[in-house]
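What follows is a set of structures to go through.
Heads up, the next two complexes both have chain A, just with different partners, chain B and then chain C.
And then the complex of A and B:
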């Protein structure tokens, strides 16, 4: 039956070439499309992680739920020692946050003021690269402010603002700060409410020596993140809790999943069209061969063998098209992963949307390609069902007389 | 070998009976017979041949092959019976267009699971007998009508079935090719003791047959 299927494929060239081309192009397109979609998601994620979040954060247990200074980390060094003795960690730093009101001569706004070690921070986040004006690493009462916050307060580099908040003993703490640098990450909420102050000065104003709100770290390989998190967890005292980036950015992960679903839906519509083209073409072809199937049935081929013949024909055509599509689609995905398409000025144009690079990222994944081609093969085989059902309705004589 | 009892066949259009194609047919065909069903066009000879070959269902009645009732078997069992016990030769040859002459002759043997060496031997034997040896690698479309019909005969007899049913095998052939084909089929009948039943109104076929069964308006009028 397999041999006859091959002979039929070679004999009915028009049908074979059409099915091959449709399958080949749809599979190639699908592989490349999903690679770009996954690439942009991974890139969004990496950008977000790189910009500020880091890949793991360690908190006093209730800090994220309750907030406030009752849940600070008071023994930074002990945690730093644990991190120093864990493999796979690229960099870490501590951050201390306070919230209060910032005011310029004309405007006021809520502000999250974070005390950071600017040198260590540059190993964790992209804040340094997000510099818009002024300078990043500053000392004394210099603030590094989000550009949207400076707009809200109507201040520029060199201007002064006052800030009123709490010291960690809950007493009022206030000071005059100077705007020394501004940044733009593309995350509006962040850019419109955040400012950074060097740790030493922060500690002197808010009495926060040797404490931190949380410790943030980056790993060498994001794929190893969960493994590293699992390695750190048992070493931490019970009052601490570790969050991976998936937990920290669950909203973004969900948003990406939703975006993927919409991506697959739009791709699905494309496949529905391809599926029906193959189905209709296959059906027309099968209809034109009814007489031939009648002859086969009359000389002793059972219905199931005729079914098998049609399935083999589709399987051979699909597998050969998918093979070439996997090679070309996989190659394109792999090539563009290594050499992303670069559109000069794109990051400048789309900075407000969190795009911090001019390149369009692509993600090559064997697993993704495998399910892509599996889906195409499944749809192609599905398209044989109706022709099979149609042919089965004829007895040998009806089929042989079919015009 | 084959016995038909009270065979009736109606053709329907919608719910109504349109044509009473076979009327109470009773017939016995013995092993090794070389017979012909004959009669004018529309008398029911092809319908009867299709019923015997289990290609079409009868409306009522029984068909026995070697004393076993076969008209009411399942489709799968009928297919199996056609594959293993019957050979068919059609007016329009009905060869498989994508297979070469050799592959067409060998097709049923392969379905029956013959060894390749046995297939080669049998194909060569038949090709020699039917004078198509030099055409074995050709596609059917490259052969003349007479040659195609000989390939169809070779395919039908390749597995030495119990009976060959040939529907108007000479209808598309000229007289010379018809004679040659009938001579060959007669030889096969005699040499391999294969029962052959024709449906034909060709005088030459009727003349060659050892037994002539006349049909008129769906009834056997003379045997």
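And then the complex of A and C:
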């Protein structure tokens, strides 16, 4: 039966070539399209996680819902001990945030001032690598400030600014800080409103010793993130709550889901039309061979064997097209993962949407490619069902007489 | 003669009913899916443009030189009221308004957030962009110290209707000043900046507080249908930064261009595949009836009439597919135009793109005219190859069935 199918494929060249080309085209397009879609999503997420968010954050239970100094973590060390005894954690640190008005001699702007341990912070975020001018790790009243915020305040490294805010006991807190370094992460909102101060000095101004807004950590393997989160949760006191990056960046994750849905809808359109063309060619081919099927049945082939013949034909055509599509689509996905397409100025244009890189990488994933080609194969096999049903309606005599 | 050709074409088009039905189904389904996708994408872009026009820039927007770069109140337009009056007197100006934006820090009892306070005239806003449509909770009855807040900002500050919010900024004399407001309405415009970082107050509530001159503004926006009006305004006010909607919103411009490119590529691919489908059906249909054409040639029909008949068959099939596709598309497009596609489950994701989570379709005549032309073109083109086969034949060859 297999050889007969091959013979038929070679004999009915028009149908075979059309089915092969359409299957090859749709499978390649699907693999490359999904690779770019997933690649850009993964890149956006990783950039955001890497820049500042980290993969897990621990808060006092109501901090994210209620906010304010009433819901701070008041015993950092206890949580640090838990993290020290948990496997898979790459690094962790605490951050304490306050908001206030920063003023230079000429301008003012709202500012998020964060007290950090600069050494530990470099193991969590990209702040150190985002240095533009001055120095990253500094002591005393030195500020490490977002470059867009320095533009707003019209200050440079070495200049002084005043900051007015609240200490954590809600008393009035104000001080003069010196700009010692500037950074640019590419996240516009962040760069235009954030500044960092070494933890020791922050604690002395805002009375925040052994306190933090939250504790942030990175894991060795992001795929293990959920497992590590589950391992930490039972060890934490009930007043604390742990958030994974999926929860922390739920809007971004949702935005990506939306983007994926529209991407798949667009691909669905191609599948509908290609499915119909393959079905039409398959049907035309089957209907023009009714006499042949009549002869096959009359010499003893059962209906299921004729079905098998048609399925073999489609399977051979589809698998050969899918093989080439996997090689070429997979190669493109792999190549552009290593050498992403770069569109100069894209991050500047889309800064409001959280895009911080000009490159669009693909994501090469064997699992994704497998389900991509699996779907194409399924659709191709689906297109044989009607021709099979159509042929089954004829008995051998009717089929042989068919014109 | 043409009448006979016409009735023969209609009859022959449905000689193989299943084949013809599959072809019609392919055209109708691919057309309707494609148009619904196109309508949704166009609707999303149109909605973003509409909201940006109404809530922010209008067709022409004017700033003082350097304001966009520095975003500080000293770079305001000093005689904005006078300019507003002059602009209103120009032909084709539908509406003009002035706004004053102040950067600062909005603080609630629970959180603080870098924000913008925009002083507006709500009557002008209503005339300019039907502002009241953006109100999700509360009303425009602000009373004393009432303000309106963007939905995302309210969420970040954990504020509800009637909550208090303090806005701190610098006044014209460089003093840090704060003012307390009570939230009387929450808006959602899908303009990211407005929703996520803006408090709106009446001009009289803030001008004195900040020490502003009553006639100054940071932005003047103009609604007009005349695309050339911007040139007149630029000429009239050379010392100001006059921008068209697209110059002010390059991202939306790029989005619209990307959408046009994406839709065009989709259109070309789908029509290409539809062409392959029609070609297959017509090719086989002609080969099946080659004897019939030979007889027609033998009894005196010229090749020209056979060509007309075959073309007409293809066009009839294409047109029926188009008509059914048009009906289906109109039903879906119209339904989604009126009721929209509710994607509220992903509302945060849509909000991060600056989009409403209920998507409405656009319906453009161009959708149908372009597809009509493409289907007619594809139908006619698809018979050229099989017609060449007929042209090469002599009646005797055909009747002898020497093919």
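Simple rule for what comes next: the second predicted complex is superposed on the first by the 289 of 403 C-alpha atoms of A that agree within 3 Å, B and C clash if a C-alpha of one lies under 4 Å from a C-alpha of the other, contacts with A are read in each partner's own complex, and residues count from 1 in each chain.
Quick note on the criterion: a residue touches a chain if its C-beta (ideal position, glycine included) is under 8 Å from a C-beta of that chain, and two chains touch if they have at least 3 such contacts.
Just so you know, these numbers come straight off a predicted model, no measurement behind them.
Look at A:14: by the touch rule set out above, it reaches chain C but stays clear of chain B. Of the two partner chains, neither chain B nor chain C is touched by A:327. In the overlay built on the shared chain, the residue A:297 is in contact with chain B alone; chain C does not reach it.
More residues of chain A are in touch with C than with the other of chain B and chain C.
In the superposition on chain A, A:22 makes contact with chain C only, while chain B stays out of contact range.
Contacts of A:287 after superposition: chain C is touched, whereas chain B is not reached.
Shared-chain residue A:274: touches chain C; no touch with chain B.
Chain B makes touch with chain A in their complex at residues 50, 53, 55-57, 75-76, 79-80, 82-84, 88, 90, 94, 96-99, 103, 107-108, 111, 155. For chain A in complex with chain C, the residues that touch the partner chain are 14-15, 18, 22, 65-68, 98-101, 103, 106-112, 152, 154, 164, 192-193, 250-258, 261-262, 265-266, 268-270, 272-274, 276-277, 279-281, 283-284, 287-288, 349-350, 352-354, 390.
Per the touch definition, chain C reaches chain A in the complex via residues 16, 18-19, 22-23, 25-26, 29-30, 33-34, 37, 41, 70-72, 103-105, 107-115, 157-158, 168-170, 174, 176, 192-193, 250-251, 254, 262, 266, 269-270, 273-274, 276-277, 280-281, 283-284, 288, 343, 346, 348-354.
Within the complex formed with chain B, the chain A residues making contact are 4, 7-8, 10-11, 292, 295-303, 395-397, 400.
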